[in-house]
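Have a look at the structure below, then the notes.
So that you can tell them apart, the chains are marked A, B, C and D in the order they are listed, and the count of residues begins at 1 in each.
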Amino acid sequence: MTAEATVGAALSCRDIEVSYGAFKAVAGVTYDFRPGRLYSLIGPNGAGKTTLMNALSGGVPLSRGQVTLGGKDITGLAPHARTRAGLGRSFQITQIFPGMTVFENLRLAAQAHRYRLQPFWNAVGGFREIAREAERVLAEVGLEQFASVNAGNLSHGDQRALDVGLTMLGDPGVVLLDEPLAGVGHGDAAKAVALIRRLAEGRTVLLIEHNMDVVMDISDEIIVMLAGKILAAGPPEEIRHDQRVRNAYLGEDE
Amino acid sequence: MNRLRTTILGLACATSFGAAAMLPAHADEPDAFKIGAVISFSGPYGIIGEGMKRGAELAIEHRGGTVLGKPIEVTWEDSETKPQPAVQKASRLLANGAHMIFGAVSSASTVALQGLTDQRKVPLLVTISADDRITRPNGSRYTFRTSNTLGMEMRMALEFTKARGLKKIYGVGADYAVTREGWDFYRAEAEKMGVEIVGIDYPPLGNRDYSVIIDKISKTDAEGVILVVTGSDGVTFLKQAGQAGLGKDKLLFGPVLQDELLAAAVGPAAIGANSGVRYHFSYDSPANRKFVEAYRAKYGEWPNSFAGEAYDGMSWFLDVVDGTKSWDKEKWVDAFAGSTRENSVEGTKVMRACDHQAMQVGLWGVVEKGEAPLPELTMKITDVFQPEALFPPCAE
Amino acid sequence: MSTIVIGLSMGLLLFLLAAGLTLIFGMLRVINFAHGSLYMLGAYCAYQIVQTTGSFWLGLLVAPFLAAAIGALMERVALRPVYARDHVYQLLLTFGFILVIDEAVRLFWGLEYKQIAPPDLFSEPVAILGSQVPTYRLFIIGFGALIAAGLFFMLERSRYGMVIRAASGDPEMVQTLGISVSRIRTFVFAFGSGLAALGGVVAAPLLPIELGMGFSVIIDCFIVVVIGGLGNIRGAVLGALLIGMTRALGYTYAPSWVEFLTFVLLIATLVLRPEGLFSRKGRAA
Amino acid sequence: MSKLQPYSVALALIVTAIALSPLVLSGGNALNLVNLILIWSIFAIGYDLVFGVAGMLSFGHAAFFGVGAYVLTLLTTRLGWDFLPALGAAGLAGGVLALLFSFFAMRVAGLFFALLTLALAQLIYILAGSKLRDLTGGVDGLSGVPRPDLFGIDFFSDANYYYFLLAMFVLAIAIAGLLRVSPFGQALKAIKGNELRAEQIGFNVQRLRKSIFFVSGIYAGMSGALLASLIFYVSPQMLHWTTSGDVVIMVLLGGMGTLFGPVLGVALFEVLREWLSTVTSHWYGILGLIFIVCTIFMPNGLAGIVQQIWQRFSREDRR
């Protein structure tokens, strides 16, 4: 891979490092995520998957390296600025606004995305455009019937859906999903996967997932991380037969 | 809307308008002489409030509880030793028809009250706050003070320095506008008399540790240490000075450093401290003897300076009001402005017309061990300075 | 030289005042504004004991236990129902305590100033390097160091101290280990209140015992606790000494700037190292 | 709460009854008390924007309150400004000082934020009491604070001044009410609910907090100026941390996070302080007991109680 970001990469990182004192959680990762493709990030616990995602989303400061989004250097940007630049993110633990209704949750995301200076001269109901956007995503994630229900009272699955909805609402070009299927029972797994597919249409997606069947099924490319570095990357078929990956998972020495 | 909610709405409106019926009748000739007293019963000066109340009540009792033929009604309000509540409560008393305001204690509260009483044109009787600004030449028309001023007490300290022939003085003053001005005056006058000022320190108000300053002073050859500090700061200094033995070879004195109350707070270390005294029960005058006897009979203890000054000021003012035979406050003010009190508890007091400050003698004493029935630590009056030496002519 | 001795005595007295708060604030995350009132209560109790028994030492021993009992009562009755809620509710409760304790003291002892003389053993000053140092100050230095060492070993080295620190770090975990966290909390609050009273007794011979004395102490205690680091006895000692020395030097050279200086120190610490200048690892609340 | 909660109609009515009571209860007593309640309510409403809506426990609002009072006093008595421009400047001074505080204080959170704001305010208290003596009159403060002189009305009479304060109070409640339901207010509520997610969906959390702190500083500065002009006096006591403590107590007693709650809290606090001190000289301790009882048994303050009563009354039509 060339040193500069490949032209047209949706999101790319150059030699990024995240270290806590001497321990390097992410020890030099360079990778380009090309637009419209769905990447899965897999690897044993402690491989640095979530730290990498946090580094990309701005949640964690980089010790070294550079992150560019659509050719724009976002290494120094705070998370809220990265979201406005088109990088959506949802978390391993569902993060929603419990004290407000589902509709109000989505309207908040629309409001955050649309206005640089939050309007204070009129009641929020008076701003039709953010209400329309919220209604659009409400349908997309299939929560119409819960519109005026308090988000805190939703089932776990619906809360996950709302979480994804909040991420989608900013219409991000690149979406980072941290274990979207965590805690989702087998029954709803199919529904959740369908939701991810719908979210991924026309967008670049990077998700962390432990469920190998789902990973093999929906991923365009799989990236395997071990001890803070990329061990291997490629289409699902290639990764399935890659000896290094089997060793990493089954624990023989390299 | 359903039936229940309308009843609640109706209820809320009814309470706010139903009360309209209670309009009190407004009398023209007042049926009582109302005194609004705003003094501190809580906070640091809480102890002063009690003394003032007893003195004032005794003054009212001694005139049969009436003035201008009408009964006297006193409302006691707690100023919490803070200007804000003092003014809030005074404006309430004025709204309820107070004919005069008696108070406050701390100079800050009194200055605040002046703003209100001047605006409302109601007399303010001050019998304890000592800040000179309260009675400035042609200052506040409605304020009268019958007690000492800080300026007068600084002059007493000067007279004491001269009387004892002290040549080297170290000064300690609270970092506070009034005390700094007092010190500047003392320093200028003392240096004119050939006194050498060895050093000066301004610790913050409410300071809790004077050991560094005490140590500094003990290393100088100062003969006297003048302490221009307020109540509890003076106590803290004297206690800590006692433990360092500062008082053994240096004379500790101050304009308003000690009285029976503060000496009790210092303990044995207070003995030998010299101070100006605002009022003392041992002062030999017929009016004072009568007052002290009545006070001890009623309360079973010696009157402190707050009680004495309150008694003196209140009786003087009420006598003046009675003399005018009128309910017109302006007449009271004019009558009081030029009046002389022959039989005050401290001999003769003359109310100066130009600044409404009562010229009076200045008492000075030293703390010593008292035999029963005197308190354990009591002030012995050693000097009585004449008003002429203590009050500069009004033109100043 | 004498400035150092005075700085030491100021520092260790400050430590004695703040030790209780370091415990309560550090371990229970409660900003205890009533700490000053407990300090005052200790002084008044000691006065009463000295008045009736004539012995300063008895006052020094008994007053802290009285305050500890009152602290335990306050914690059990008022603080316990409020722990689950936002910490501002605990803070407001302590405001209520201030008013109640002040009123109780006013009712019981009235408005006059009270006073305790230092024990006869320490009534005469002693000459050290050319200055008359009150022996009571030396007692404060010794006694303060003793208490600091005792607290340090109790908290940092003893088994019970470990349990207390664990309970402050992760109450749920300690509860699951079968240790009653609520009893620990009552003990810590009572112990903190006792220390506040102890500070009151030790400071009493230096100051007039009056109703407002508690108020002037609260801010100083917060400064020591913040600079020293939450619940960190070693930090509290070093913090108190730092402030004691700053004040001693301040009073020597620029007395009117002393208070200003102390606050600048507090603000700098809060902004640069909220977890305290002397705490080992980052333990911001 | 985008749509108006039914019970807040009751709250609004109680507040209106309090605010309009001097019109019906004649005699200075009610007037004097209500003037105080109106002023402290403006301070409490402004404070609740930070405390209740944005969830930040600030312990330094006394600084903005006191500085506002000093700015009005100095501008009018020494520079001869008219009252209204000086009042505006007082509010602005409070806001700018609040912004300055927020740059320092928002580097930390929770208890440390409270302590840092406390320390910053105490710094200003000490300066006002000593170093800035010739500006602030030191510990004795400044008297002779004027009142407005508009259209020839003599505002020195408390009755007329009541109308001026009522107007300011209505303005304060209207603006606060609007802010709370506006997108700006919703964003703040989101930050209080889940700061991590709010930052992540694109809200600039720090800037939003600083701006509400600025608004709250304006409220504090103006209410400080109004109090100084009500009592013709300003002193460092208004900058003291106990004033910050008072406003926290008032908002908590009334019901934090609600528009009308703080006003009830102010009314309860002032009536208690005024009435209790005439009834018994031990009012101090009783006030303390009441705080303790209210804090334990009334977590949502008076507003919470009104809500419970309302729900019990209108049980049958609850959705």
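Everything below uses one rule, namely that a contact is a pair of C-beta atoms (placed from the backbone, for glycine too) under 8 Å apart; a residue touches a chain by one contact, two chains touch by 3 or more.
Just so it is clear, the structure is predicted and the values come from calculations on it, not from any experiment.
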Maximum centroid distance from chain A, chain identifier (CA atoms): B
Chain A and chain C: spacing of chain centres that average the CA atoms, whole Å: 50
Computed distance of Cα centres, chain D from chain A, in Å: 43
Centroid distance [mean C-alpha coordinates] between chain C and chain B, Å: 35
Computed distance of Cα centres, chain B from chain A, in Å: 74
Where chain B touches two or more other chains, by residue: 42, 175, 204
Per-residue multi-chain contacts in chain C, two or more chains: 106, 256, 259
Interface hub residues of chain A, defined as touching at least two other chains: none
Inter-chain touch pairs (all): A-D, B-C, B-D, C-D
In the complex, chain A residues that touch chain D: 57, 59, 78-81, 83-84, 89, 91, 95-100, 104, 107-109, 111-113, 115, 118-125, 127, 130, 166-167, 169-170
Residues on chain D engaged by chain C in the complex (per definition of touch): 51, 57, 104, 107-108, 110-112, 114-116, 118-120, 122-123, 126-127, 130-131, 241, 245, 248-249, 252, 282, 284-292, 295-296, 299
Chain D residues touching chain B - in the complex, by the definition given at the top: 6, 9-10, 13-14, 16-17, 20-21, 24-29, 31-33, 36, 126, 129-130, 133, 137-141, 143-145, 156, 158, 227, 231-233, 235, 237-238, 274, 277-278, 281, 284, 310, 313-314, 316-317
Residue numbers on chain B that touch chain C, as the complex places them: 42-44, 46-47, 50, 175, 201-204, 206, 208-209, 211-213, 215-216, 218-219, 232, 235-236, 239-240, 243-246, 261-262, 264-269
In the complex, chain C residues that touch chain B: 2-3, 6, 9-10, 13, 106, 111-118, 122-125, 130-134, 136-137, 203, 205-212, 216, 247-248, 251-252, 255-256, 258-259
